[in-house]
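The structure under discussion appears below in the form of structure tokens.
The letters A, B, C and D name the chains in turn, as written, and every chain counts its residues from 1.
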């Protein structure tokens, strides 16, 4: 029987500052929302990226890609669905769907890849906990 | 008997993108949060700034001032308290307190002043509804 | 004999607001720099995206991808090299290299894909001028 | 004979990401430009805020105020005039004018107040060099 992946769903309204002169959400705003999706994923896991940093490590972004399907506008209720899609010894990946909370319209999809760094900027092993997160339902 | 002012309280966590190399929230982020406080004020009033714009008017900012008391950091649970503090025929003002939701620590206070503009950029009268918002408890 | 592609190079210093609590430039800032690279490309071509919009069209982003190689920090002198890499009847693509102006260190590479829209949001043909830009040295 | 104050002038074009759905520059963008004005002030003084931080100190913002007179739009050539207006033992202030580089139209004026902090977040004395900057023409 297949095991469902654990998906965290962050929720907020589009801020006016996130729009641009086309009258829609600026495309870089979604990249910030992906990051908020990752933050929320860790909170939803009962963890915290702030604690992770305090333990002496950072998660750095090595790759971002986003596909823009439909434009969100000011005040839209946004849902950022985020899940861990890959964990290796030294890298991990998250995937995202940004939707209208009520209509379910899909605005943007994306994927980000990451490495762990210690405080001196050296590449570190991804903590074992992350691999367990990939496998379990939460 | 004194009448309490109506205070809307927006709630969110500090985003990583809102921090800077000092390790704290960048001071311009609070100005964006003031705006989100205003958006939330209108939602809490059962109204919507998006609808207001669709009716053919804008609210433009003429003055911003902020006092920075304590630095918020990544992931802090933030409360933006926002209330209407003045409504005249052609101007209005909002005031703000940005706090730590749990400890109540006060990070920043501020005030913004505004005018109403029509689609051609001409100054318009502040809608009567706003004056009623100033007076009533909500 | 091969024809060199036309590369526009925008230049500026990293702003403090563009950094984050890791002490480096936030990864979404580079997406904004790509866009500034495109704006500069049009200025370097003797054109202007502002004029393009006034003529009744928008260029919307459909895809963004970025690879992060090395972290820029506050005040670094940045060079954004930007060139048109593909023009079809209804789509176009730009590519980017973000470098340290003096050392030549490569921070980030990226590609963005675009469509043209008219004021009603309908997909429009890419103006003929763009195809000529792809071919000529400028 | 009166001594002229030293005014640094940063120059750049409005980025698309700095606009909002009103079609104009978002009001928080000017706060970021004030900061870029300060960075440029230090570069124009032959100094560097990056070096200042490396010496173990930060300059924190305690107050910001801005007055919005006219709206800048995408691609406008911007001039940020910035000067030191006050230096005391533990505080300093900068003032700003944001103008259209060619027409001289004044978009925004502002003032920011600051304190010096050491790496532990304790208030430190403003370096003597700053007081000399207040007095001399540069």
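Please note the rule applied: a contact is a pair of C-beta atoms (placed from the backbone, for glycine too) under 8 Å apart; a residue touches a chain by one contact, two chains touch by 3 or more.
This one's a predicted model, so the numbers in the text were calculated from it and none came from an experiment.
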Comparison of B-C and B-D (more C-beta pairs in contact): B-D
Maximum centroid distance from chain B, chain identifier (CA atoms): C
Computed distance of Cα centres, chain D from chain B, in Å: 24
Centre distance in Å when chain A and chain B are each reduced to the mean of their C-alpha atoms: 27
Intercentroid distance (Cα basis), chain C paired with chain B, Å: 34
Junction residues of chain B - those touching two or more other chains: 16-17, 21, 28, 32, 35, 53, 73-74
Of chain C, residues touching chain D in the complex: 12-13, 15-17, 32, 35-36, 39, 43, 48-50, 53, 73-75
In the complex, chain D residues that touch chain A: 16-17, 19-21, 23-24, 26, 28, 73-74
Residues of chain B that touch chain D when the two form their complex: 21-22, 27-28, 31-32, 35, 53, 58, 60-68, 71
